[in-house]
């Protein structure tokens, strides 16, 4: 479609929906802004992607800025800006990239569904709703990653897992912030006593708001879980260190007195009666065994030995779940 | 009952209460929605269980979504969605599962009690109230678990207990969130200046709100207690490690100088006068006893020995209570 | 007094104050509820003690639920529910137990003071004010305990003190929650544009509110102090562990090389020229003293020795005050 | 001045400012209360010092309670209560102690400045403003203490410094609370649509409010800095412990194998060929040097040795600034 | 320009913009205040730099106080106060220093752009907008520093990096506070129903507010990242300590029993049959190798050896990203 044909199309009455993909061609954008009388501040927000999601009323139209969550390969995702300029009888949507997620809406329009009989406000709702629903797979992906992290953490707490937890926490941080802003934007659209939004559509926007709330609830829970996983990691690591210290202590504590005893009879004094006793050597061994045995009994009574076997089993489900 | 007989029953006047158990049969649900003119967004919320508890006003009815807490065996519990569509003269309740908790209400209606003389709003209150009261046993169960955890933690802080505390904390997290939303839903029903809710019923809803507040208070206290238990666990574990380190230190510090002394007289120098003294051996023993005794006195003065016995007794009630 | 004589007494005009002690006799309670037209939800709240403090307006009366703080022996205290039903010309007070704290009010009425010339609202204020003032001794008791804990902690940080701090924190938690609710209840009474509360009495209620705020301020400070005491405990304990580790290190680090040296000359090689030197033994001692001295100088320069004496003095006031 | 002469003075028209110093003489206070019709609750607040700063409207006057910050010697300060009763044409100020800070205001009145032409509301502003400005030197003193603490902490983290930090934190806690309340009191005076406060004076009160906000901002920053200092202390202490552990490890790890080797050749077996080798002793020394050297190389490669020198320099500015 | 020529210039009609650079010349400032009828409290705020950013309405003008962020060399920045007095047809800007950032605005005026056709309110917006945009480079600089810190932290966690993180956190703290106040000031200008601000300009102010919100969002994220870096530092340091302890334990645990064994055969008893066996020495070596091997197998099975190599690789990306 050439930009010159636009005015003719708009005259056709009803609700016009213009999709602009890519924000590179300045001349086209300026022409569109002129045609729909888009305020230059609004246009600046549309072009300078990276804005906070928001809904702002201008005298002649409403500017709605959203973030679309796009799953990339792996666990990665991207947040692309999608902006809407909503007038009485037109909606102009601006996409940062060229990903197309509005197929379902277009299909519904083509099939002449409910959306066809409603105004620009309902169309906007339908488009925003698609974007919000797009967060669900991302959120589920994060949930899966947390679960897998938990399982691997139980098996063996490595530093790589810790840095993976850090990474998830940072992604959650970003996502929570955007979802909160998105939620507030939908809330602002719904509550504003704007002549552009009819009461019938308000009910639909409330539903979108509800979805945004649900997503933000889940993300909040995820943040608590991620925090819990970090605690599990740190307590596992310090448990291991304690184990190691315990082994050292027990070994040292048993051998240190014994080494002293053998040292005593390694001395070269001329007059050491024990050295000449017939059973001196055997008695010394007896003494050493007695000392070692006594210490073992003491350690067992203090609960320092024998605990390990007992603790080995519950280690299986120490994932803080 | 067949779905076709429904219209006839509704014509009978008074307040109609229709219970729908299970959400599987789409045709039936659609027929009911038609009959009671339930908005399709409301129907979507009812069918897609896992919604946040909420109360939403639609032009012709009020949609109330609740979560019912059902104790399973053991310490487990489930949160099932129960939805109400409340009109001027009807209440339709939708259960996710087939658990029936409304027996008491049905009994009261059959006995022709107070509930019979009131409208749909009072019936809704009675049903919601039953759901909220259903949280009490769950909350009590959690309280019992926390108490038992505390007792077992005092006896012996094992890793299994720590992961049990983590589990309780996570359950509390879920429960607190749902109870807060449930509370807000009841609050919304009460405060909305809705023609469907009469002033007389508002007083009853305030009572339900109060119960929800009480439950959420108790849960908040539980969260603090669970946090305190974790602190108790960690300080117990580090106390044990410190004990072990102390024993190692004392043993090492006493034997290290002694081992050095016996090493000295194990040397093979030709000219070592002490070796040829008559009482060299005895004097060496005396020296070693003096060193050991001096160190013991020093440790006792520094408060490192002898403290254990004293600390053993209060260990009994160190549960942070 | 018999319950049947009640109606006659009420007819006498003026303001009637009925005190109900103990909540066990259901018949009497029902009779009173009938007489004063107390809503059955209000009666349920009165009877089921353990409610949150609150002030609720009913069409014909105001229900005020308070918690009375009663010091038991030792450091213990109890929070008993006291409820008031306040009508245009009557106040009914319900006590959970049989403790009587309203003596002073009764005395003031008997003496024909200010309270006599005022209505039911002022009487309610006077009663609530007595209950709020009852928190002061409890709060002071907690302050004394914290101070004594601090002093004992400075002397010697034992595990018993830690668990005592935990106990105080939990009591503070309970108390803070109740005082906040009590404060909100008084605030609700004051702010409600209720025909039952005159403007003159509002000024008095504001004073009670101010007392509640003051108590809650002090409790907040106490919570911070208790948290600070825990920090002091933990840093004291870790300081002690560090001390012990330091002693072990210094002893070990000095004797380990010496023990090696004596080991060398304990070897039985045939050709070890040093063993046959005349001054071999003396030179070895000199070497060992040089090594030990060198290490001591190194440790002193690193600030690991000699610091203890200096640190001993300030330990006195390390209580975080 | 005798209390009897008061009424005559008041008749003189204009704005009367009465200063009451010391709150001990009950008869005088009661006489003043009568003369200015001060509500008995207000009088109680004035006499029972230790109230929260607040501004309360009474039907015929406004009660303003402030806290004056007085620097004592050293780093100490006191918070004294100063109360104002502000009527249409009078201001009565009550001082807890006998410190006089209103000299400047009196001087301005004597000089017949701006304050003379304004009403009681402006006079109150002028007095409150003096009190709020009195916080600045205290705040600056705290800032200096924090800075000096930081410097001393970098030099050497002693336990005395830690307890000093605790002390400063507790003072900040007290001060922040009072300043917040003071700020709210001024805010209440400013915002209340009170006939006693003219619009012209509101502008001045806004300025006082701004000062209070500034002080509370600075105090908040100080609290963060104090928290940061504690972190610096703890990480310094744990750094030192780690250093000590490292030295022990390196020494032990090097000598433990060597001591084993010399032990081997200290054994008294009849058939130990090495003992009879000509170069057995020299070879053993070679072996031991090789082991020690190998371990040193390993430790240096692991980054455990040599790091100390590098870390010594940045220690200078590790104050968390 | 001489101060006397000012009045003539103002008479010229349109909007007058007067820039005052440096706040040292009191006479000039007083003359300007007289000319534009600036309230003395406003003048005090302008002169006493270090005020919180704010927008205050005075009867005849609006006082707007901003903070300009100026990058100095290195990572340093300064926050300079810039104040605006905005009247119906004039704007007076006061700069603390002599930095000039309003070149772009002056250029736009000279070119006769949009700004020329608008009133004093739009001019103020244009000036404030320049100041807010001035925060972006500072924020970006901080972002770069955090990123470089992260990279260096992964390579080697030194104490110098920790203190650098502390420094960045403190700068973020300052910046966040100022940006929040700046944001509130713009919000106040926008929302105030001030006759000085037209609806057309409100749209522009909303845009400035949006920029301030964006900056404060980024700063909040930076604070979380800085906190995360500290966690990474601490867990790296404790990881190193654990490594060192592990090496000590393994070395000690292996050599302690061996040293005991060689000690045994260093004893000088007359009757020690093993010493006379032909293969006594060889058997002893065999025994010692068996013990050492057994311990190595045990440690490997416990996962204490061999883990290091595996952990070395993921250390690369443990930066919490």
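The chains carry the letters A, B, C, D and E, assigned in the order they are written, with residues numbered from 1 in each.
Just so it is clear, contacts are C-beta pairs under 8 Å (C-beta built on N, C-alpha and C of every residue); 3 or more make two chains touch, one makes a residue touch a chain.
Note that the structure is predicted; figures quoted are calculated from it, not measured.
Traced through touching neighbours, the fewest hops from subunit A to subunit C number 2. Shared contact partners of subunit A and subunit B do not exist in this assembly.
Counting hops only between chains that touch, subunit C reaches subunit E in a minimum of 2.
Mean C-alpha positions place subunit B and subunit D at a centre distance of 38 Å. One simple way to say how far apart two chains are is to compare their mean CA positions; for subunit A and subunit E this gives 23 Å.
Each of residues 245, 248, 252, 256, 259, 263, 266-268, 272 in subunit D touches at least two other chains. Taken as a graph of touching chains, this assembly is arranged as a ring, one closed cycle with exactly two partners per chain. Listed in ring order from subunit A, with subunit E immediately after it, the chains are A, E, D, C, B.
Listed in rising order, the residues of subunit A touching subunit E in the complex are 39, 41, 44-45, 51-52, 54, 56, 58, 156, 158-160, 162-163, 166-167, 169-170, 173-174, 177, 234, 237, 240-241, 243-245, 247-248, 251-252, 255-256, 258-259, 262-263, 265-268, 272, 274-281, 284.
Residue ranges on subunit B touching subunit C, taken from their complex, read 203-204, 206-207, 210, 213-214, 217, 220-221, 224-225, 228, 231-232, 235, 238-239, 242, 245-246, 248-249, 252-253, 256-257, 259-260, 263-264, 266-272, 302-304, 310-311, 313-315, 317-321.
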